[in-house]
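In what comes next, chain A is part of two complexes: it sits with chain B in the first one and with chain C in the second one.
Moving on to the complex of A and B:
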């Protein structure tokens, strides 16, 4: 299993949706850490603590965008993508974006 | 000899029984008083936290409206994200001292709506300049009001009316 601590491995200042507007965007994070591992069926644990905070556009692009782009079966993603945060609202919001993305694919 | 021992036992019981009742009574009353005081402090702490969180929501409301009504301000983006993070962490930490978790669960789901209203559109790289009349301002106002309402409900639920007033 791969553990990704956003603050240590990516940035303490995650910001924005698209990487064309900044290296610390949700799209940049998704392409760098989530897509390579999850497309190979590896398990990924994402740790959210340690950053200054998250904007919803970052979270939606990183996790909702993952579903829209890779179209991994929902059961596989639920099994392989693990989330860890001391703030329960972050985990719940990410789950919402994943759920909404699957609904939009149907 | 046997009579002497018997009367000594009776004398001892006459003294010891009331004394032990007094001691047990004192322990029970003291325990209940300590419990009542701790419960009162806990309720007051939750109420005070809810007031502080309402103030933070007011500040966030002002900052968010200023942000979306002006040119992009990256310092304000950081401040808004820190405030939102702090808000949700403070609400979540109340779980350690709140007995009624349903009100707290509601607060946490409203925190998500507030973060989405402020930061899901026209935020950071999507900020295209000052917004005039936009539904974003309405969404921020609605989410801020919902947040404050849920915090007030959490606060008031700490002081339920005695059944005689219902």
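Moving on to the complex of A and C:
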């Protein structure tokens, strides 16, 4: 299992949606850490603590974007993508973006 | 009869000016340009006494900035901005002044397009220094900001959504605010609002040129301003783009069309656009997962519990007020003039009620 701590491995200041608009974007994070592992069927634990905070664009693009781009079956993603945060609302929000992304695919 | 020489004419004018000024002083009124009068472009332009966007000072500030832009960019003449009578600077006015002067200087081909004549009073002089106006224009000022209510004004700007600069400034100001006040700032909440406002600006604000044809600068798309004053934390994000009305119209046409009924009843169109974006989101991509940024602005107030959010876009403003985590009041009105940009501005009290 791969463990990714966003603050340590990516940035303390996650913001924005697309790579073209900034280096700390959700798309950048997704392409660097989530896509390579999840597309091979590996498990990924994402740790959210330690950053300044999260904007909805970042979270939606990183996690909802994962569904829209890779189109991994929902059961497989639920099994392979593990989320850890001391703030339960973050985890809830990410799960909601994933859920919404699956709905938009239907 | 005394011959009216040019010297006497000048002398009489000087005496008349002196008498008019002392009459105003006795009445307790301020000198400076007429509140809603025309501001003439030229080699010296008098700045407003109060730099603010509230009515009626907003009209005066915008006319002042337009006169500066006309002198430097159209007439291609160097100008001096006379801040001698300026007494105070308020958040929205200060950030618009900072952004517009930065834009004008960047677009100008002149060697040193703008020179600042410093305010007489120390406080506005310190503020201009602290918010780096002198740095923008290349002027020198000997004043050292030391007042408690001035030293925590910070400005920054950028063209991308990259959070490093933005985040470190917010952290620095929030750390100071939390050290001195009982009520603590929840940085993650502010980050959500500020970073999404910046992301929105980079994504949508320059989709269309604004009313004077300006379509954005390459290296600066947003300006940010933070402040701690009177036990309140303030953060403001400004862009000089097309405004909410242009992008909301592009993105949620059905909803916007439905709102035309309100517009026909006389409501400011920019106010309707801001309220629509706050309610339904704002996105230029027509994708269902986009457009959450505008609503994130309100989440700052929900998380802090108490505070206000002002959204000023072109000719209108909307103010949201929260207490104990719930919305208690929404106000809106016209500014009286097109500010040609958008300012999103949070004020969070740091004192326990």
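Miscellaneous remarks
We adopt the following convention: the second predicted complex is superposed on the first by the 106 of 106 C-alpha atoms of A that agree within 3 Å, B and C clash if a C-alpha of one lies under 4 Å from a C-alpha of the other, contacts with A are read in each partner's own complex, and residues count from 1 in each chain.
Rule of thumb we're sticking to: contacts are C-beta pairs under 8 Å (C-beta built on N, C-alpha and C of every residue); 3 or more make two chains touch, one makes a residue touch a chain.
The structure presented is a predicted model; accordingly, all values stated were derived computationally and were not measured.
On the superposed chain A, the two partners chain B and chain C do not both fit; they clash. In the superposition on chain A, A:88 makes contact with chain B only, not with chain C. Once the two complexes are laid over each other on the shared chain, residue contacts for A:11 go to chain C alone; chain B is not touched. Of the two partner chains, both chain B and chain C are touched by A:55.
By the touch criterion defined above, A:21 reaches both chain B and chain C. Contacts of A:96 after superposition: chain B is touched, whereas chain C is not reached. In the superposition on chain A, contact is made by A:104 with chain C only, not with chain B. Touched by chain B in one complex and by chain C in the other are residues 13, 15-18, 21-22, 25, 52-58, 60, 87 of chain A.
Chain A makes touch with chain C in their complex at residues 11-18, 21-25, 52-58, 60, 64, 68, 87, 97, 100-101, 104.
Residues 13, 15-18, 21-22, 25, 52-58, 60, 86-90, 92-93, 96 of chain A are the ones touching chain B in the complex. Residues of chain C that touch chain A in their complex: 160-164, 166-168, 170-171, 187-192, 195-196, 198-199, 202-203, 288-290, 292-293, 296. Note for the complex: chain B touches chain A at residues 77-78, 81-82, 84-85, 88-89, 91-92, 108-109, 111-112, 115-116, 118-121, 123-126.
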